[in-house]
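Look at the two complexes coming up: chain A is in both, with chain B in one and chain C in the other.
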Partner chain A sequence: MGLKSSLHNLKEKYKGTKMAPAFNAIHTFLYTPNDTTHGGTHIKAADDLKRTMNTVIMALIPCLIFGMFNAGYQHHYALGEIGKASGFFDPVFWSWNNLTIGLWKVLPLVVVSYGVGLAIEFLFAVIKKHEVEEGYLVTGMLVPLIVPIDTPLWMLAVAVAFGVVIGKEVFGGTGMNILNPALTIRAFLFFAYPTWMSGDKVWVHGAVERSNEIAGGANLDAISGETILGSLAQGHQSAYSLSEMFFGMIPGSVGETSTVLILLGGLFLIFTKIGSWRIMLSSVIGALVMGLIFNSVVSSGWITESSKFYTLMSTEFWHHLLLGGFAFGIVFMATDPVTASQTNKGKWIYGFFVGFISIMIRVFNPAYPEGVMLAILLMNVFAPTIDHFVVQGNIKKRKKRLKVKAA
Partner chain B sequence: MGLLSKKDAKLITDPLADNNPITIQVLGICSALAITAELKASIVMGISVMAVLGIGNVVISLMRNIIPSKIRIIVQLVVAAALVIVVDQILKAFSYELSKTLSVFVGLIITNCIIMGRFEAFALGNGPWRSFLDGIGNAAGYAIILVIVGFFRELLGSGTLLGFRVLGDPIEKTGLYALGYENNGFMLLSPMALIVVGVIIWVQRYKNRALIED
Partner chain C sequence: MSKDIKITKGLDIKLRGEAEKTTEKAIISNFFTIRPEDFHGVTPKLIAKQGAKVKAGEPLFYDKSDETVKFVSPVSGEIIDIARGEKRRILSIKVQADKEQTYVDYGKFDDNANAEAIKSHLLASGCWPFIKQRPYDIIAKPDKMPKAIFVSGYSTAPLAADLNYTLKGKEAELQAAINALGKLTNGKVHICVGKTGQSPFEGLSGITLHKVSGPHPAGNVGTQINKIDPVNKGEVVWTVAAQDLVIIGELLLTGKFNAERIVALVGSSVKKPRYFVTKIGSEVATMVYDNGVDKDGNDRIISGNVLSGKQVKPDGSLDYYSNTITVIPEGDDYELFGWNKPVFNKISTSRALTFSWMSPNKKYELDTNTNGEHRAFVMTGSYEEVFPLDMYPLQMLKACMYQDLDEMEVLGMYEVAPEDFALTEFVCVSKQPHQAIIRKGLDLMIKEIGL
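Take a look at the complex of A and B:
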């Protein structure tokens, strides 16, 4: 008996009991059930919700794998055990040594994220007596990619529980949430445990431990794992080259450093028509416009080098696209079909402001060097309003057209 | 109940749960969010509101037949303001530190919707004894929510209760902190108070389905 039919039998066995939704979910996770619905009209299409989710996860896999290698690379490089990787294909980067650290540190994050999140989804499905919703599949993969490598697992568990319950289930579950759940989880971590989510110690594995040892009297060099945005916000120039930023051999959250792989994932999402190219493009435009405004403020001499915004403002406008989590945010989270605007015109407006506000927060508030998280959450709140006005505008236009015809 | 008739007892018990001013009527949310970061402040705020509402309800009830209805709101405001000033002065005199924590929010009891609401809805139409019970009951309903919110926010946000380190010392790393536990800074911010109030509302309606509004 194959796996599919034994799962089917399990499902039949538990039909009507309290735990039925849980068994249904396992049954339909990867297989299409044998039994088809009868009566009524049904649309038959391959891309159901699960397929959509799995596509996004596929797009995220390169970032995850790269993140694992990068975690080890940053660690070993900071300890001075290996030299700088010279290019994207340098074996110094793609080494077994690096991967083991990555696996050791990143896989637990993934397991905790999925374990806690899915447990809550199952719990709510059983309480509310509906089918398990697939909403957490993507969130569960996004979460480990947007947190620092050394995030304590219990903190992650608390944040995931908070994000899924308060960010999603209270609104009615998948498809009803106002805020992107992954970003809700990150925002919770950011405000609840700021020492683990910002600063120069958390982005490289081992830096926190090392600084504790030094505080304890050990004679060691401190590891500085400042992100580029972090050092720019403090007025230092970045120590990384443009190609390193583009390829992603820089400290940062687990999976958000490699712009090239995010771009790849983004193209994949656009090609499969899962992600909205309108949002991605308009976010980039928004960010560039804000960057240009800041650049022209600097070049027209309105602020001088003594200003605390000078370093970030004078950063070339297009560098912002490579820095921090901007690329990851707009490709994988601003495009979330639930929380983004639904109308095409609305998507342009929504995306533009996501990019625009990201860079604004980034420059003006050094306490929140990563503005893209807050920008997306803010625009999530406004997305329904944008849609409302777009729809109203359309109705008005058509009414006008009707009047002209009638007259 | 020997002391109170059944009808009078309901005046006190109703606002505690099924007609709670915060979770059912959603009044007085502002102060519930602002001052509940510490349990002590929550308790003192609850007592202050109880004093103002209990005495105020009696005063309004006694004057209810001589207040011209056109200016009744102003009269109510004057009564509330006078009582609030008394409470504020007492706090400043006997626990200055605490009154600094509560800062402007003691003064803002005047504008607390629960006060005006009870004056207007109950004291103007009932005798002084029943008004007194109603005032105490509603203030207790307000206070109990404040205490619950304050309990969770102080425990999870600072690891203390009424200032005692119940979870251990975060700097010396004793107790829970030795295991790697850390205080949740989000709990000290007002948004989290709103979420805690929301969770209380959720739990209450889950237990008593009749309270769910359509």
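Take a look at the complex of A and C:
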């Protein structure tokens, strides 16, 4: 009672001042406000935006925790200190040693992502005198999960600042942006600092450092931290088994590797009705269709093994679902309600093309074989157009009804 | 040709405090209040002066834009107060009721009269305001011919009065009203009743009967219009609330404007919810406090249902169109970690640690807390689940907000009333005021496009 009423008094004191949005933002995390309905419906359903965003974060937590263990595992494995984990529950993977590295490397990414992003959100809220909206809660958790483990923190800070300001706030903040903010941040990193975002050195902690040491004359073995997609794009065969790809004990961005946990997160989002099953399902269909097309191109002999696209094109079509950031992208990024299509029919079309284009980019762009980021950003741009045509269908029906009457 | 309507999209909000099917006479109210704000878009011009004596059915004011539309006193008595607000806008007209009621005699109505005679009879006697029109959800313009008239004899709103119960025994009045209204349109009089239950409408003649089933808003007249004969550009349909047909019918049969109405007193704050016979404009205090609502309790009294009713003060009155008074607890308190803890005692359409999906038949005690703050539109797809009309609710709301008249028109704005957006407003995670947005949009269309 004491805390509740003293916070209430503080809120009343701040009311109408510049700092009110900042205070309220923190206050509402502790207590749902005492606002009552005025005009309109007198009762409201239980969910608010905070609960919605929180549900997405809950779906992300397993990926985050797995990502921490995997960061350590990849590091120690690459150094040859531990053997290969034999299964999902192998204690070699779930070891304290692995987690320490993970905590040491991943938590700073999370802290910087939230710190910089929320600071900007608060600043804009105070300047523009609106409440701090919850959109960044999810973005801030997504960002550390979709960057390489060794991303320098200052780079991340710059990218987050860019993504939040240019990707979101210039459009008017949460709910108004055209591009997915988390992907805008990643795209910025990718185009501004490509050497830190692709290649065979960035995906395992210590690999960059080691190669610098070797370049400096040290007599050490290089750490190879290539992603599966990276090696396939080079025409090499993957060194990982399907179960490793499914469980996620492979190099990659922090949270994107474990298809099984992403699948669980996706099912949780569908069950809670927060994520759109239409987008997830149609993306998978789109990817499978594109994969099948490539497979049949290979099987009908249109390209030869010497082609630089051969290895990726001949990859079994459904393996694409397990590779790279595809699963993470369609479950957590393509489904962003603000930047996806907003009509149910539109979601089918939008999702299909996200999947379709992801695999296309993946195959045709060996320099950067991760297509899902660019595919989603591209479809973000087209989403309003898709919606426009879907809505036009409804409008036409209405006009036709009028004509039938008039005739 | 009757057509059965099955609604699949929607949401039945089950609340505690449903009215028991017993009716008693409410304590006769001393004062009756008519508030011009009940009649959206009407600018009142006073006929009666303060201190004047009026009979029941005698005009109090008329609509400035159409002098023929008269608004009458529900009782006989003395006008004791005319409250005014900013710019001398009339807020309310208060009548102190006589002990012995006297009525203006408008005369028994000839069944064979033509449409013009019916129209002027209804206009003069104060029954016209009961007839509303789509587009715009305002009192019908008398000079327009509607393509059809719709009456919903089925209510699905939370805790709404059961029309099968309140209209029982009123068949003669309903038939008289329908006979008269039927002459005002060259189309049909569509009446929708519930699929189950015995409706007093079922035996009537001159109507097209539809059986409706499914969750709320199946009983909303807007849903029924959309499914039966949607409003196109340039067309007009009229709607009348079922309980108001009784008043119209009685006027035609006896010549008296009898504002009597059976009202359900409901809500979780009411100890013994049940039905009362009362009159339009009577003080809610005559029903509420003697019947189990705590006088010092922190409750909200609503004239109407919890989705689109009006909040009234404890000394307020029953509004012109309502047949329900709902009393629910106010929710002006903070809730610790209300945004992330599991919720068992509130309704939700999601399953985001909200568990109302596990017990679909449980009755809830909801308060007026918004359960979160106002935000920009973020979520998509949730409105469509509770919105049975064949149009795009989110796009429509946004079109209203950025005031694009062309888009509002083609998206279907002529077909809707604010109450059609009550459920989307209820489920909105961004806590946007949907009904107010739609009302503003409709008003903008009236202003820019005209009637």
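Note that in this section the second predicted complex is superposed on the first by the 381 of 407 C-alpha atoms of A that agree within 3 Å, B and C clash if a C-alpha of one lies under 4 Å from a C-alpha of the other, contacts with A are read in each partner's own complex, and residues count from 1 in each chain.
Here is the rule we use: a contact is a pair of C-beta atoms (placed from the backbone, for glycine too) under 8 Å apart; a residue touches a chain by one contact, two chains touch by 3 or more.
Quick caveat: nothing in here was measured; it's all calculated off a predicted structure.
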Examine A:E134 and indicate which partner it touches, taking first as chain B and second as chain C; both and neither are also allowed.
-> second
Look at A:P152 in the shared chain and tell me whether it touches chain B only, chain C only, both, or neither; answer first, second, both or neither.
-> first
Once the shared chain is lined up, is A:P384 touching chain B (first), chain C (second), both, or neither of them?
-> neither
Looking at the overlay, what does A:A192 touch: chain B (first), chain C (second), both, or neither?
-> first
Any idea whether chain B or chain C touches more of chain A?
-> C
Touching A:V170 in the superposition: chain B (first), chain C (second), both, neither?
-> first
First, second, both or neither for A:G87, with chain B first and chain C second | neither
Identify the partner contact of A:H8: answer first if only chain B is touched, second if only chain C is, both if each is, neither if none is.
-> second
Enumerate the contact residues on chain A facing chain C in the complex.
-> 4, 7-8, 24, 28-52, 54-55, 131, 133-135, 172-176, 271-274, 276, 337-338, 340, 342-344, 347, 387, 391, 394-395, 397-399, 401-402, 405
Which part of chain C faces chain A closely enough to touch in the complex?
-> 13, 15, 158, 230, 232-235, 300, 302, 306-309, 311, 326, 328, 330-340, 343, 346-354, 356, 366-382, 384, 390-392, 394-395, 410-412, 422, 425-431, 433-436
Which of the residues in chain A come into contact with chain B in the complex?
-> 152, 154-155, 158, 166, 170, 188, 191-196
Touching chain A in the complex: which residues of chain B?
-> 180-182, 184-187, 189, 195, 198-199, 202
